[in-house]
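Presented sequentially are two complexes of chain A, the first with chain B as partner and the second with chain C.
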Partner chain A sequence: MSVFRDPTIEQRRIRWAWTFLALPIVFYVTIRFWPTADAFVLSFQKWNLLKPREWVGFDNYVTLWNDPVFWKVFRNTFVYLIIGTPVSLVIAFIVAWHLDKVRFLHGTIRALYFLPFMTSAVAMAWVWRWFYQPVPIGLFNNMLASLGFSQVAFLNSTSNALPAVLAPAIWAGLGFQIIIFMAGLRAIPVSYYEAAKIDGVSGLTVLWEITLPLLKPTMVFLVVFSSIGFLRIFDQVFNMTTNDPGGPLNATKPLVLLIYQTAFGGSFEMGYAAAQTVVLFLILLIVSLIQLRILRDR
Partner chain B sequence: MKLHLKTGVMAAAMALGLGASAARADVEIEYWQYFFEARVDAMDKLIENFEAANPGITVKMTHFPYDDYRTKVAAAIPAGEGPDVVQLFYGWLNDYVDAGLIQPLPTDMFPPEKIDAEFFPMVQAMKRDGQYMALPTAVRALALFYNKRLFEEAGITTPPATLEELVADAKLMTKTDGAGNITQEGLTSGMTGQDHHWLREVLFRQFGTPPYNEDGSVAYDNEAGAAALQWYVDLQAKEKVTQNTFMDEAQAAFKAGRAGMHIDGSFRIGALKSTRGLDWGVAELPSGMGVQSNYASYWVNAISSKAEGEKLEAAEKFMAYITSDEAMQIWLETVGELPAKPTAALTPENEADPVYGPFVRGLSYAHATIFADESGQRNVLVDAVNRMLLEGQSAADALHQAAMEEQAILDKYNAK
Partner chain C sequence: MAVIETPIADRVVAAPPPRRANWGQMIRWLLLFAGGIVMVAPLAYMLSASIKYPYELFDLNLIPKEPTFDNYREVLGDSRFARWFGNSILIATLVTISNLFFDSLVGYTLCKFRFPGRYIVFIAILSTLMIPTEMLVIPWYVMSSKFGWIDSYWGIMFPGMMTAFGTFLMKQFFETVPDDFLEAARIDGLNEFQIFWQVALPLVRPALAALAIFVFLGNWTAFIWPLIVTNSVDMYTLPVGLKSFAVEQSVDWEMVMTGAAVATLPTLIVFLIFQRFIIRGVVMAGLKG
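Presenting the complex of A and B:
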């Protein structure tokens, strides 16, 4: 045990390093990894919090496979992703592209775009919820009615509700994406643009041949980041539809809300909720792996 | 003064009835309930009275936000971390009894035959194998709230006594703009509020079907049930006296003075009393086809398996006090929830009360649904109405699907 009695400087360093690392490691293992592993175990069990856990094999997964609500929710989750990510990225890029050229009140405008990102999602969801109400209290419908148009059922409709819930979620994320895009735009060497100018290349070609290819790392980062965000959407949906969370008729329900309801919504089906969580974990894993693959192809 | 006298009498009764064990070293028991200001105030008063009458026992109350309450209780009690006396929704009790987390109330202090005779019959759902597992302090029922100013404006003198009058009165008070959009509702609606109880325990019965069979299975999947559902949906679809999304929530529309009538529970009284400028009255739920019915629910107090020895004794005494007539009257005056015993509820004074009277009278013919999963079962009816309003499904089909879904919830629960 000479290491302990007479450590070298190197050994002492390592010992200190481990001492400092121990705390975060213990923290992560107990707070993150252990519960995660436990969720996998729980997905093969039945547990309502009150009674001891019971092994049920693949029952929870079989129930999941045969549950029409799960498939509806599965679809919704991907609709949030497939509409949310491209729409938010395109809007964010267009705003950033133009904002990059604006000098007048540049900081103020940028701050205005960033503001929704700093606002609490709950507060924002409630404000939008009021915007969407029917006459006489809804802002949008009051405007439509005063212009002589008929009302639009934004939230109380199986077809409109999901886009209506998604809109504020996209809007809230814009500020962050714009800032990242602008940082990406600033990082492109000015000499490329100067060279293009000397060659007399059109603006569109500059965008297509210089700006976009050089923004690829930025875009991949934003795609990964916002995809995970949309796959985990919860706050906006839950707060805009609290009377019938995820409704009407499950039209807006994402996977995370389904998990929440299964676990805490009334019957405490912890095992079934854990099985749903495992599915969400796999989806996030696969989507992230695909996107990282694309990043490596660079 | 009267209260002090009563407390004194209680103290004497306790000392006599419970023998010498009353005065012993300090015991602290823990009591849990969810946070609702009036309920916490009422419980503070009860604890104060109880502690004055039982020196040596202190009660520590802990409360949690309503949204977390059920989870907190469910997580804490099995872990042995919970309270000695806990407040539970009556629909949750089965789970706790099955898991052995609740102790039966001792028959000497809580004789079942006495409780059977004294409490409202719906409380008998709390009995297992001849012993009571839990008891309520208060019960809640539904009634029809109405806006007196809008009644006057429409020339309505008395609140509707039948469903036909309800629709007629609602029509008189409904206002629309040029495009036909409702700007003032005659009657509020919304399955996500209390309407699913109204449909289940009141309208189904009035249209001629019990909601559940004796064995607890779904009984409403028939013509009478479909007629009841159709009548309810027609309030919006045909009569156009209501809109379930109006002002986001039914109670908000009524509070804002934009709705003539609103069906809600006695727990709404407090919130309405504090709404300035709203002149409202209460009436019994309208009868239908000559049938009167009402829905009642309640929160019960129970002793958890954690309480042992001295604490158990103290908890039992505390339970006895918070289910006494005196406690019920304090609860009524502070929270607005109705006493769980007819002797305490149906006093001439309470029955004549313009606000509590209709609720109290409703209790005598009220039914309590034995829920397996209240939010799940509520959702089944929420979806049925939405399928009719948003997807044009027929009442019979919507109700049939609802019945299958609800039966599946019940079956899953019973299979546990």
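Presenting the complex of A and C:
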């Protein structure tokens, strides 16, 4: 604001700025930064809320490293990511690519795909849990039975349970990804496609050489955003497996559920749980950085 | 006064350019439509189950032979559900108002003021985006028990009163407000808060709407923190209450589905009414945030 040469006005503006920021700074320091630091500190302590905190060095991390359940959970968390992100992005892109070319009832079809995004994960977990029940209750098995197929154990099977829990998470997120992909597609100048048409380039080449490279910023955003979502999956798992959260035999347990159980599942092992949250933080950080690196470079 | 919007968000809301109808186009449309039906089928079955009597609950027909509102009567007559519904509305509304006010105030300050320390404050707030909520729930819980916030509305609400996402979103949008407008107001003798409140804020109304949608929906569906911080049935939010209700009803699937429908219908109806508006908001928040 070079218009204001008068230092008192300038100073008054600075005072306004800090007045506006005062309460938010208190908020961010006490509700974000201090708890973050506390979580790191707590990860080197032993504490069950009753006795005083006790320093234990790296004990919590050593315990975690030697815990077979942790490695199972670690693996599950990445399976959610490795299946969830590509499957949802491929479906979302295909739908967005075609929906972008459709005019008749465009808004209605878009709404059909978007509606699940407006739902609560808890409610949908129970809906899908019902679908997965065995005959004569569950919708899916009833459909299979009426078509003459044999039943499938969804939530009771150690191999099927994880994909079964993941499905509603993918389903609910598709609408958002489709909308963002369509925004990305619309942002590509029409002249590029016209030039390709004049040059007689085939449809697939246009997709590969024009659309996908120009969609890179959209893709980077969606990959990072949805990966973080799948790595933090909790609501669906917890609600679909309430009898034995994360079961059967820890087959569906993600890291956030392990953290929840360690901290609030009865024994209040706060230090150990804090160490698990530090691991979650590092996973999210590393995965985001790797994805940004790979996707930006290409 | 002109309202500033992003053109791309508008282009998504507008229908695409016309194409000549042909067979390929028709097949494309039919497949897309079929996919859309599959997408809403779970919601349709949830609603269908909520108006069925138990005897035909597990039939595959969507439209019941004998529709009934008994399930709704029972769920909505359950005083706990009314309470959870009220709790969720209250909490989501208050948190949304707080975010609209503080996120835009901070975003505005970081965007339109030049002062020493501005960049550090901006980076500090932005860096909190990298910290997952799950890492903070333990310290928040400890803090809440120390200050007696466990099992209170404030306890449920305090972690979300401001968000870095919202601050960043609003800052991006205030970039589109010309400084000349603010100068003119300054010359007219408005103080800095009046300039923010009366001049700048009305210009970013679409961004405020986008932020409101995200914050409200996020708090309406929030689960893990309300689950941790509430103990008594009266303080549950709708998702936490629904979970306890569903566990208790587990064999009565028509009741579970009715509960799920009650938790889902408000946002679905709001979406169907304000569809264009909400999709534009989601695109704006997604692209700028």
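By our rule, the second predicted complex is superposed on the first by the 286 of 298 C-alpha atoms of A that agree within 3 Å, B and C clash if a C-alpha of one lies under 4 Å from a C-alpha of the other, contacts with A are read in each partner's own complex, and residues count from 1 in each chain.
Just so we're on the same page, a residue touches a chain if its C-beta (ideal position, glycine included) is under 8 Å from a C-beta of that chain, and two chains touch if they have at least 3 such contacts.
These numbers come from a predicted model, not from an experiment.
Peer 1: Looking at A:Pro248, would you say it contacts chain B, chain C, both, or neither? Reply first, second, both or neither.
Peer 2: first
Peer 1: Look at A:Ile180 in the shared chain and tell me whether it touches chain B only, chain C only, both, or neither; answer first, second, both or neither.
Peer 2: A:Ile180: touches chain C, not chain B.
Peer 1: In the superposed arrangement, which partner chain does A:Phe78 touch: chain B (first), chain C (second), both, or neither?
Peer 2: In the superposition, A:Phe78 contacts neither chain B nor chain C.
Peer 1: Once the structures are superposed on A, label A:Phe264 by its partner contacts, choosing first (chain B), second (chain C), both or neither.
Peer 2: A:Phe264: touches chain B and chain C.
Peer 1: A:Gln151 in the overlay: touching chain B, chain C, both, or neither? Say first, second, both or neither.
Peer 2: In the superposition, A:Gln151 contacts chain B only.
Peer 1: According to the stated criteria, A:Val256 is in contact with first (chain B), second (chain C), both, or neither; which is it?
Peer 2: Only chain C is touched by A:Val256; chain B is not.
Peer 1: Quick check for you: in the superposed arrangement, does A:Pro136 touch first (chain B), second (chain C), both or neither?
Peer 2: both
Peer 1: Who does A:Tyr192 touch here: chain B (first), chain C (second), both, or neither?
Peer 2: A:Tyr192 sits against neither chain B nor chain C.
Peer 1: Given the superposition on chain A, which partner contacts more residues in chain A: chain B or chain C?
Peer 2: Tallying touched residues of chain A, the top partner is C.
Peer 1: Residue by residue on chain A, keep only those touching chain B in one complex and chain C in the other, then list them.
Peer 2: Residues 49, 130, 133, 136-137, 264 of chain A touch both chain B and chain C.
Peer 1: Please output the residues of chain C touching chain A within their complex, sorted ascending.
Peer 2: Against chain A, the touching part of chain C is residues 8-9, 11-12, 15-19, 25, 28-29, 31-33, 35-37, 39-40, 42-43, 45-46, 49, 58, 60, 102, 105-106, 108-109, 113-116, 118, 121, 124-125, 128, 130-132, 134-143, 145, 158-159, 161-162, 179, 183, 191-193, 196, 217, 220-221, 223-224, 228, 238-240, 242-243, 246-247, 253, 256-257, 259-261, 263-264, 267-268, 270-272, 275-276, 279, 282-283, 286-287.
Peer 1: Chain C touches which residues of chain A in the complex?
Peer 2: So the residues of chain A in touch with chain C come to 1, 3, 13-14, 16-18, 20-21, 23-25, 27-28, 31-36, 38-39, 42, 49, 95, 98-116, 118-124, 126-128, 130-131, 133, 136-137, 139, 142-143, 146, 168, 171, 174-176, 179-180, 182-183, 186-187, 221, 228, 232, 234-235, 238-239, 242, 256, 259-260, 263-264, 270, 273-274, 277-278, 280-281, 284-285, 288.
Peer 1: Considering only the defined contacts, which chain B positions touch chain A in the complex?
Peer 2: 70-71, 74-75, 77-78, 95-96, 98-99, 101, 177, 179, 181-183, 190, 192, 243-249, 258, 372-376, 379, 382-383, 386-387, 390-391, 409, 412-413, 416
Peer 1: Could you pull out which chain A residues touch chain B in their complex?
Peer 2: Within the complex, chain A contacts chain B at residues 48-51, 129-130, 133-137, 141, 145, 148, 150-151, 153, 155-158, 243-244, 247-249, 264-268.
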